[in-house]
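Each in structure tokens, the structures are laid out below.
Each of the next two complexes has chain A plus one more chain, namely chain B in the first and chain C in the second.
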Partner chain A sequence: MTVTEPTSRALDEIKIGGMGASRRRVEDNRFIRGKGHYVDDVVLPGMLHMEILRSPVAHARIVSIDASAAWEIPGVRLVLTGEMMATRNLAWMPTLSYDTQAVLATDKVRFQGQEVAAVIADDPYIAKDACEAIVVEYEQLPVIVNPTQSLAPDAPLIRDDKVGQVDNVCFTWQVGDQDATDRAFAEADVVSRIEMHYPRSHPSPLETCGSVADFDRATGKLTVYMTTQAPHIVRAAVALIAELPEHLIRIVSPDLGGGFGNKVPVYPGYVISILASILTERPVKWIEDRTGNLISTGFGRDVYLTGEMALRKDGRILGVRMHTDSDHGAFFGDAQPSKFKIGLLHSAFACYDIPTAHLTARGVYTNKAPGGVAYRCSFRVTEAMFFQERMVQAAADDLGMDQAEFRRLNFVRDDDFPHRTPFGFLTDSGQYAKCLQVGLDAIDYEGFLREKAEAAKNGRLLGIGISCMTEPLGAGNSREYDILGIKMFDSAELRVHMTGKAILRTGAKTQGQGHETTWAQIVAHELGIPAEDILVEEGDTDTAPFGMGTYASRSTPVAGAAIAMAARKVKAKARQLAAHLLEVSEEDVEWELGRFYVRSAPDRGVSIQECAMAAYSNMPDGLEPGLEANAYYDPPNLTWPFGCYIATVEIDPATGVWDVLRFVAVDDCGVRINPMIVEGQIMGGLTEAYAMASMQFITFDADGNCIGSNFMDYLLPTAWETPGWELHEVVTPCPHHPIGAKGVGECATVGGPAAFVNAVMDALKGHGVRNVDMPLLPDRVHEALQTRGDVSGAPPIRTDR
Partner chain B sequence: MYPSRFAYEAPRTLDEAIGLLHDGAGEAKVLAGGQSLVPLMKLRFANPELLVDINNLPGLDRLETLADGTIRVGALVRHRDLERAGDVHRIQPVVGAAAPLIADPIVRTRGTLVGSLCHADPQGDWAAVVTALRGYVVAQGPGGRREIPIGDFVTGPFQNVLAHDEVAVEAVLPGPRHTVAGGFLKLERRVGDFATAGTAVAIELDGDRVTRAGIALTGVGSRTVDATGAAEALVGRALTSEAIAAAADAAAEAAQPTADHRGSAAYKKHVIHTFVTRILTRVSTTSEQAA
Partner chain C sequence: MTSLFEEVPATADADADVPVRRVTVTLNGERRAADVEPRLLLAHLLRQGFRLTGTHTGCDTTNCGACTVLVDGLPVKSCTMLAVQADGHDVTTVEGLAGPSGLHPLQEGFKDEHGLQCGFCTPGMMLAAKALLEENPDPTEDEVRFALSGNLCRCTGYQNIVKAVLWAAKRMNGSEQ
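For the complex of A and B:
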């Protein structure tokens, strides 16, 4: 190949779809055409269909299971019960939090919706008919639906299967400095207190969970197409649980219709479908129905939070105490780093300069579905930030200080980084006061306060709520973060073909975040290859490098960094090729976007595409052919984006209905790869925050019946009632991330709820109300106004029978 | 969606449909918009052996307004048709107020008013509107046609008076004699939600005297509540604040809600009181302004 005279200089990064380009999402091309390929689109020859029989009751001993009538139905191939799973040692499986969970119940059912039996049949109708033909005799036991009942002295023991388990406590844990915190409270002028329940919610991705398990007896290979956000973790789990050789297990996570944390755990349905395929030697498809998803799979939140804040008269926070009782359901199935029992709840108060804090946590079993997942948050961070911002608001009110001023006074200052948080995290960057100011200006804070005072004269109830937070995103580093011992790093593998096109694979797994678009932009930024020339592939463990998957806003902080590092390795090799092509030594080669050139003769250069061709057709002696690299990235720290959310509301005092007047969001997620996608993530997150604040909860009656088992009871907001979002940005690059990015996918869900609740509480201020638990349904707001008191939302809900 | 096994017929004539229902001997069901029946079949709460789809029957999609103000709503008139029927709204504003509050746009394009009456959901909205307007249902069976006043048509939660081989062919809203006013208010947690509590108010005024009144409530009992006491509190009087308060009190009294995840019984009664007050107050201020 000959060295051509340069015709172009550095490329325009936006034009090639690099960093900062609001590039249209390439995946949408197939989604909007209905050409996505989801698990339910997988159809294999000879495939059977599986349906799960679930318990109608919340707590009962199984007296007998008679499946004989089910076996009689033509087309039924297999009926599995706990007893049969037990013969394979698969009646129970480990959870992600070192507990055990029943795959199919053997002794008792412990929540409504628990898996009791499974039918595998020629089609799903037959499977469903056969489930109805199974006769199960239950002996009812007393039901527990909240921690108070769970901790009562005479409470029935839920986990009588566990040796040595004498009560319903699944863990106790603490973090922080108790003595120093006690001293802070002794010195306090004012102590502010707050108590609340963050209700159980459900991530409810539109695509429910499902799998197609295909065991090939001839090759010994097991292929499982499944809805998972973390295919490699599943491969490891299957290797360990089912004792199959890891190299013969292929997990494929195709297009996912949302995840939001719901698709991190390993569910009984997956395991049963795998065993069913092994036993029948046929592919077995299991697609969960909506009710199955809502009543049995990983929920979010369900924590009771109490806390107090030690304050000085001048408004400085001296210390914080927190206690939480968390309701984990029947099995402790939280998806979280193993070092922490209650996720990263202790990331609370990271954006405030507080000398000391202490948190005690206790988890309990109840007769509810297991699996406290990080519903669009980094492991209990939503609860942390909600508590923080409700506590801060209460403290400002108790001191009689302006809520914005109180926050500003206590923020960590811009020049105070790195900063050690009261619970020991290290934050590295931020401009908190600036973000708050951008938000206050946007909402016209002073103007609204005047409007509110004016409206109050006519009996109208207006309120403004602020929520600020910095969120720990991007687990690991591997020193502190692991799941079941597997360290939390991530990976990328970049292969540049001879024509300069490339394929990029990572161990992350997109489920709506737009990886196929943004990952290519990182490569474009590093190498100058146009983003449209890069194919991004994820989710197949046979081809993707090992990674921990996508949740907890970790993909850009970890996999995104790995991509940059892999691209830099490719660039280093391309530089060698360029030097060879330009016939100069490597030291004399300079880089500008898309092109190497000779330092002393900038007109003489070669494009990255020419280097790629040379890697396959004209490499120098001694240089390994090809142009590819992989990188495993173990982040030095979490990333700490900041968000400031401000809502204004008006309450109708006669009905308790409240409307959002305006909502301003200021997000600082560092450098934005694709601003349009970031904004989409923020809007989606705010919509979920609004849902939680206003309408959404999975609750239970006294018998443990789940209220929220379908979309008529578990409400997802529609475009009709969702408020308009006004978005603003501040950019403080992450100092340790290769491209300065921070996580952002979850900030708005995490920080949003407190803005709404604080706004409604602000409107109720002066009416004797300190807290109304979410969701702020009109009847609760009305009750608070009527009774001039707090309203708790803890289950069981009040019903007339 | 995996319902139980069922047969499906799509007859071309009403007689054929009635014949199929007759032969079905109680195990057949009419399929209209499917917006209530299909979800129930999905959950296997309803397991009909035969579905008789009436969507191909001619003439049932007619929405007619007669010279005397009578409105005839055929069995295939969709919620959406009623939402857009300006001439109907001018005659009976309560219809125009209720239609856009039913379900969401997707459901409204398929669901029917007559189907909603037949379904007799205690939280349904149309039954309250038709009750407030003293409407009736026209049913046809092997023995011919009959007219059934709405109060007799619904017999309980999800129960109506139709024989297994009768088809409800239309609902009729009688024409008003005097100036019509009214409204419909509904508390819902989200668009597409059923009513936590809802109120239909239809009144006729001769000058400032109320000559006829109908107030019906949804979501606050095991069936649509006809708040006759509330209506009586208005008839023969002007819409004074005392009359309005008396009607609101009587309506709240008539409501028989239960506590559930949408709110306490007391709250739902309070909402009914608020809504009746709001609708009537709005009517009285608009008619004052008009006068």
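For the complex of A and C:
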């Protein structure tokens, strides 16, 4: 039998910048020229400038505010205080977690850096001068900086503004099967127990938050340019808070200088600038300084864990028990799905086959900045996976088992999907053991263990740390996931012009992820329109379809899916046009990339561009003109990418300084749309993981002074100390996602930290140390070595546990 | 004068009555002048006075380097220099990087090696790198990492930034031979 190659005229997908192409980024063309358009670049005629006066103390009653000297300064147009906000019913606003937050303080200040007054002036220097001229008298109150103090029986009540609030607990929550878990522990051969603190961290994108509010009295329209990852949520919030009609509110999120979750919540500064513009009838710009950003906007983590594992002596995990105490600051402002009070922390242990688990969580108020945000993670999964992998290593050590072997033994097997996790999530796919093996081979696991043993003979401390995890991305589905009742779906709108070029708009919002590049690649994959012929726009609520925005790695899983679905609708209509042009019935029309053809005569075909032209110039009778579609995508489930991260380190015993020798990352994020961008995301994520493990944390002294309120104290790694990254991949497509993608933006940040900490702990094995809490600053590692004991808690305060 | 600065023709006489100083700079090869309050920062003069918004500010403490420009060819954090201190000097911002014949190799390298994500650090990074390459046209990876250690990036993890600079060095050396 002879087989003749069918003569395909399908386009080469890589050449047209479709899926799998490492297409160079479109947005770079403006960024490398210094022509990005960030909020601070917005200049409007007659624009005024706003500065915020912040509280210098962490907990105090406001006795008086005297702003008269500020009003005297030439160029000052308006001074706003909480009292004045209250007359407009704007002194308080709702948070994303059904709590309330002060916009400008009226009764008390509850954390250092809280917004007390605002000045609007001709230029920012005058506004700053005027802030300094405001005299505020404070009557100081006792300060609470950690859960232990917060829960003490005689603790002062922080939220005395809330009716019915009698203590400092902001929630208690639990999930899992307590009875079954208790039974598992009763049957265990070994119980492994560990306590940890995941310190408070701040996303600190390089661009701080800011807004330019522009209220036009003549049209009644409010336009706000602002640093937001979720412009449509903001529009809804402004409509509700400021009681303005939603159709007259336009939120524009221009280029963002990074987000990492920091730009999800609605901050007082935005609200004040809006009111200031309404009152002055002039555009008002507010650009937060770095200290304001670090001491008042959304932080991540600050969770204390007690974790226990029930183990059989052959190494199987029988059950897991977790209790968390989380510090939410003065207002419960977490940005997370409303059903889950401690985010998706119960996604822990999803990659392990564990019969039962139980989690209790308690959140408390303290005199610290509010707003737990999903700092480069899908709602506290960073804590979940860190705790998981630290508990796993401790358990392997307690059993005297090899840490890789212990993981392999307990992994969910490839043929075990769909799999119900011990806390009730449903995972769909993965090749966990394979990923681990790729990582072990890459780092030469056996070889390193020999090298380590050899080095130990000379007193050198080498260690290897592994961290494996699958995390849930892409919230919703809408049954379970909503923010303030708004369901978590996403959207896309694709319009193909006459000449076959197109514009695509989505409800997501890029902050550096490269949506303008990758979204076009999805359309190219679906329709064969070259990516360079597709313009991508996001961030303007007047033009973009309603979407929930970009955070929690949800863009590709949700908006990316919506794009594919919109493109498929366009394709269905193009098929009708093709049938008309080819004068055959639709059933006789076949598709290959970029072209429809007649099944029985493959040479007779029309390109997608010809169909587009026909949509405007030659449509069949009865067919609606035009070629466009929109799609709202409600995902059937979360997506579950997997990551395996392995670090090797050497500690200098004399100083406690540890160096990363090598770092291997194996990511399975499903199908990769643009491998170059995926790798960029992973390397950025790993660097934040390294940052948290080694240096980056926000803490407070006993008086509630924020330690880490500027980039001199809040240490971020530079090019010099950041290790080199070695990346590997495994691809297990997501079975329910239209293009098989799983999302990736945050995996490395989520899974990475435990690899570093486990490596340092491995190096300290045999030195009487079981845990050193992050960040692993040299002095803490040194102290652990000297005292042969654990170093716990949030430095520099060591009394909090 | 009610504002911090006012651009004036480079030939105008200073008004002796107002508490401002005349600053004249050669900005990206062009002579520009402004009357400024003595406390005005160079970064703000560039951004708001001359409307060159490619120079960004990311901190208050001279740590992030987003505001890096070249003053007489040397990298300077323009948030930490007063505008009046630049008087009489040559200032290069990101807008002056590309020449008439097209993009600077650093700009091409950053794009080709995916050396940027949000783009906020990029202008400062490229200018710091330009100063390095002028002094050391063939740097090692470590030398690049050290030279850029005054510039923070929150997105990329630096690996591709380093690659981008090495890419540009190679290109510049190649075209010189």
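In this section, the second predicted complex is superposed on the first by the 786 of 801 C-alpha atoms of A that agree within 3 Å, B and C clash if a C-alpha of one lies under 4 Å from a C-alpha of the other, contacts with A are read in each partner's own complex, and residues count from 1 in each chain.
Please note the rule applied: contacts are C-beta pairs under 8 Å (C-beta built on N, C-alpha and C of every residue); 3 or more make two chains touch, one makes a residue touch a chain.
Just so it is clear, the model here is predicted, and its values are computed rather than measured.
Legend: residue contacts after superposition of the two complexes on their common chain; A:Thr655 is shown touching chain B, with no touch to chain C.
Of the two partner chains placed around the shared chain by superposition, neither chain B nor chain C is touched by A:Glu480. Once chain A of one complex is fitted onto chain A of the other, the partner contacts of A:Glu13 are absent, as it touches neither chain B nor chain C. Put chain B and chain C next to each other and count what each touches on chain A; the higher total goes to C.
Within the superposed three-chain model, A:Trp720 lies in touch with chain B and with chain C [touch as defined at top].
With both structures placed on the common chain, the touch criterion links A:Met695 to chain B but leaves chain C unconnected. Of the two partner chains placed around the shared chain by superposition, neither chain B nor chain C is touched by A:Glu451. The contact surfaces that chain B and chain C form on chain A in the two complexes overlap at residues 125, 289, 291, 710, 712, 718, 720.
Here chain B touches chain A in the complex through residues 2, 4-5, 43-44, 104, 187, 189-194, 196, 258-265, 267, 270-271, 274, going by the rule given at the top. Interface residues of chain A, counted against chain B in their complex, comprise 51, 124-125, 128-129, 132, 289, 291, 654-657, 695, 699, 707, 710, 712-713, 715, 717-718, 720-721, 777-779, 782-783, 797-800. Taken together, the chain A residues at the contact with chain C in this complex read 24-25, 27-36, 38, 40-41, 43, 74-75, 122-123, 125, 203-208, 255-258, 260, 289-291, 511-514, 676-677, 679-680, 683-688, 710-712, 716, 718-720, 722, 724-725. By the touch rule above, chain C contacts chain A in their complex via residues 2-4, 37, 39-40, 47-48, 51-61, 63-64, 66, 93-95, 97-98, 103, 107, 110-112, 114, 116-123, 126, 144-146, 148-162.
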